[in-house]
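Labels run A, B, C and D following the written order; every chain starts at residue 1.
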Amino acid sequence: MATPGLIVAPLTPFTADLKVDETALQRQIDYVVEDCRATMVVAAGVETQEYTYLSLEQRKALIRRTIEFVDKRVPVMVGISHPSFRTAIELAHDAEKLGAAAVQLLAPLRPFAGPPNQADLIAYFEAIGRETKLPVTLYLNPGPGADVSIPDTIALAKLPCVQLIKESSRDLARVSRLIVEIDRADHAKYHTTMQMLLATLQLGGSGATMPPPGSEIARHVIDAFMRKDYERAAELQLQFALFPSKWMHRGLAPAMKAAMNLIGIPVGEPYPPYSPVSRDELTAMAAVLRNTVLAPRLTVAAAA
Amino acid sequence: MATPGLIVAPLTPFTADLKVDETALQRQIDYVVEDCRATMVVAAGVETQEYTYLSLEQRKALIRRTIEFVDKRVPVMVGISHPSFRTAIELAHDAEKLGAAAVQLLAPLRPFAGPPNQADLIAYFEAIGRETKLPVTLYLNPGPGADVSIPDTIALAKLPCVQLIKESSRDLARVSRLIVEIDRADHAKYHTTMQMLLATLQLGGSGATMPPPGSEIARHVIDAFMRKDYERAAELQLQFALFPSKWMHRGLAPAMKAAMNLIGIPVGEPYPPYSPVSRDELTAMAAVLRNTVLAPRLTVAAAA
Amino acid sequence: MATPGLIVAPLTPFTADLKVDETALQRQIDYVVEDCRATMVVAAGVETQEYTYLSLEQRKALIRRTIEFVDKRVPVMVGISHPSFRTAIELAHDAEKLGAAAVQLLAPLRPFAGPPNQADLIAYFEAIGRETKLPVTLYLNPGPGADVSIPDTIALAKLPCVQLIKESSRDLARVSRLIVEIDRADHAKYHTTMQMLLATLQLGGSGATMPPPGSEIARHVIDAFMRKDYERAAELQLQFALFPSKWMHRGLAPAMKAAMNLIGIPVGEPYPPYSPVSRDELTAMAAVLRNTVLAPRLTVAAAA
Amino acid sequence: MATPGLIVAPLTPFTADLKVDETALQRQIDYVVEDCRATMVVAAGVETQEYTYLSLEQRKALIRRTIEFVDKRVPVMVGISHPSFRTAIELAHDAEKLGAAAVQLLAPLRPFAGPPNQADLIAYFEAIGRETKLPVTLYLNPGPGADVSIPDTIALAKLPCVQLIKESSRDLARVSRLIVEIDRADHAKYHTTMQMLLATLQLGGSGATMPPPGSEIARHVIDAFMRKDYERAAELQLQFALFPSKWMHRGLAPAMKAAMNLIGIPVGEPYPPYSPVSRDELTAMAAVLRNTVLAPRLTVAAAA
């Protein structure tokens, strides 16, 4: 069995004047690489990274800094999603120059109305795939992106340029089927997310992508799975039952930033106008996290 | 660990003149009880059983026959869902007289417009719960029934009369959380379905409910899990990746009826006007099922 | 121009022991026929009539009583929607014997999973249409029924048996197009609902169907439109802007029952477990209705 | 009665190398101002303008050019929607300097997950409103933007900075109610779109916003309405029944670009990878448009 992928997308820390806080970013990346043992790091690629708030120049700077801070310890995948395929290609060319290992591209909504059809999606990925030598990750995230059907996902996975998939769905019927029809059929490496991790590994999927500190719990799940301690893997997987679900009314970025702040690796507040997790919610989150592998970090952070 | 529940809802075989085919029903129930080792059988409780097509008298007859054919080998749960709580109570009283072990009740839509609120749902289950001594199974099936939120599901699970839940969602984020907040919190036994079975068992849920012949695959998954052969359990779980997903455009009842016909336990066609699985689709389904634990039955059926 | 249709579906009044209150029903039907000048009355046909709560025998009795109380003053259309087409046909045969002018049939969900396709819908309407000489009204009500696409609605409208359509959507893009492609193309008479009435008349649709007392406002809209007093028609149409929208969180049946009680034609409470409009909500509704053509009735009712 | 608003958003013509085609833009703006008698022009504000494909610099250039080409003949409203409120404010400041009359701002999705709540929406509009003296148009467009509930829309309309609303819904129940609770209550001027125009005017709404050449049909509807020729207004409104609905599977931008090309005011093809209307679809569209007020332009264009 191949080593499972643990692809981690660091949160984007902002200073009080809404610039990227590079010190906090560097510290977080060290945690992601050293403590979570990410197999790959994502630079400005998923919405949880709040990259859409940045100007194009700021986004490019964030990508550069992420690559610098990772410092070749693990490969970096660069987010190139943009409504204009021209800009996406520009970002892909930058990624090549910076030594990125892959690019990540959201399956887009039709910006002007209605869902994209399969021809739209294929044309979009081909337009970009033919302009870069880097492998492309198909990023599926309905809402900001399109809700891609099972047949359309399989069609995209068969494109030679698409070598990896980031699936955001928690629908295990969909995920089971796509693991078989995409990953086990060798079209692309299929990655899911936190709540889906153990089920994905057991069914033969390639791994998961997520933000920290979920990635530290995920590391423990993967390690237990690899040493065939399946009962421990299941116990660890259960740590994703309440976290982050109970705080998702705030959104994933605020929930994960709150958790990072609790474990002593501060990443600041969500970009305005979105609200941080409240004081009471934070107390409840700390109580839940004290029953997870993150407990020792909470204790140290609380003592500090 | 408690023995996992494998609650099976037999399909309803119809004769050419659209009456219940009792001979086919009896044979199927023997399969469900003896071969699948169902821990409980459902009588006229889920939409896949096509019970809504029946008149109230036909439905009562189907319930009686199911209980007779099970013949006390395992407990029977009787479906009592009806838009009028008066009729639901009447069905519950019948179930008591027939020796049923439980009743199953769909969380209903507001028939006249819009989704029910928590007060509607609580009032509905309390109205019925106070009229019967049998434990009530909360049946969640958005579409014919309401799409019940996580907080509303927890509130319903806390009612003393609700002792078991049948969850139709394949959303593992929802299911993980409800296993913790309902089943592990001892409010009710939480049961999911085919694609969710192994994940449910690992996280501490109570089991699953499904139609045959999915129930035979599920029996193998449960047995492997109970003997702690987790790798085999995962291999078996994978048999639910393509089946029945690839035939769900026909609907669950037509897909499962087709599979039963293929394995030599005929249950006829779907109730009109819905179409059976086509000849080509049937060939493709047979090819998939030959890679499952159902393979020996297909061979025998094909030879016959 | 043909006389616009005002098809009215009386609410179903229940006694304290949940039987149909025939005295209240008769009084209401007199109001609907004499005061609202309904062009047709619906018997047990739409969800707002709470007919799904009744046993089949009770439903048949409600149909009989409705026809008796209308007493040939206007034609009656009988609701025959039922998950089993056999039962629907039985109801259609009864309707013929009772002298009904038409039958109404909900475009059904697939009961066992997923949306129906066009073949399912055509097969369902053909199965029933060939068994009755009465014209069939296609009833579109997503939720309890299917969400039928524009092309599928046109295909159903072209069936010879389908001669009238009851559209529940408030989507004026859909309605505009279907008026042209169905009503003006002479496939079927297309009827919408309260908020859509004036727009429907102006675009060439056939009228609207609704419960009382919306039907009294609608009568005024239609009369103004017919005498070409378009400014008055628009003023009257505006009386549907807040009513019943502001009380739809309770559902259409509770909102309309509350309005009937306010204007002195009592029809009781919603069938349990659904809640009636609260006392405060009732006060607010009375304030709104005092700015409508219903005002004189409120004054009389309040004085009584 | 105030003069109804006809707010027009020109399409964005692209050259073969995907730059804005300024010659085509200028000609189109002359058509919009002189022939359609737009009461206001939108610069880079709605998704149909394909502005999201542009870099920020290109977008700013498009705004400048639009204002230049309008040349003070009518006021211009500048689109400032951007995931970062910082960038939105920057665009608002530019708009002030360029002499814009208003800014338009999309009610945004939460970029990182889930729908925004009322506090998020209020905070977002206040953050921008306090930084500009220009009146703000609340732009409602579920999909790229949030699906804002009736109560949340009313709350936003009550903000002092929000003086105009662009509603994309075709839900006449929603629109009727909001005209009363927002426009007639003097919170903001409420504008709808093509299919809703006459109904909006009759109920007391402020007008509509749309792309050309729908705006030419709309001009005729408004003129007929203003001279109280309500029957002619209804006939004209019917010209929006098939157009653009029948071509919306391509999306609004491709459909409207096709119509502009047909009437001899060419605006090129949709930005890739989205497909233009096919040759057969174009023939069918021409046949429909020949039954509208656009017919003389089609004849001239076909002869050219």
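Just so it is clear, a residue touches a chain if its C-beta (ideal position, glycine included) is under 8 Å from a C-beta of that chain, and two chains touch if they have at least 3 such contacts.
If you're wondering where the values come from, they're calculated on a predicted model, not measured in any experiment.
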item	value
Touching chain sets, computed without subunit C	one piece
For subunit C and subunit D, chains touching each	none
Far-end chain from subunit C, centres as C-alpha averages	A
Interface numbering overlap (same over half, different under half) for subunit A and subunit D	same
For subunit B paired with subunit D, centre-to-centre distance based on mean C-alpha positions, whole Å	50
Interchain centroid distance [CA atoms averaged], subunit B/subunit C, Å	35
Two or more partner chains touched - positions in subunit B	none
Touch list for subunit D against partner subunit C, complex	150, 170-174, 176-177, 179-181, 195-196, 198-199, 202-204, 228, 230-231, 234, 237-238, 240-242, 245-246
Touching residues (chain side subunit C, partner subunit B) in the complex	18, 47-48, 50, 52-56, 83-87, 109-114, 117, 119-120, 123-124, 126-127, 143-144, 248-249, 251-254, 270-275
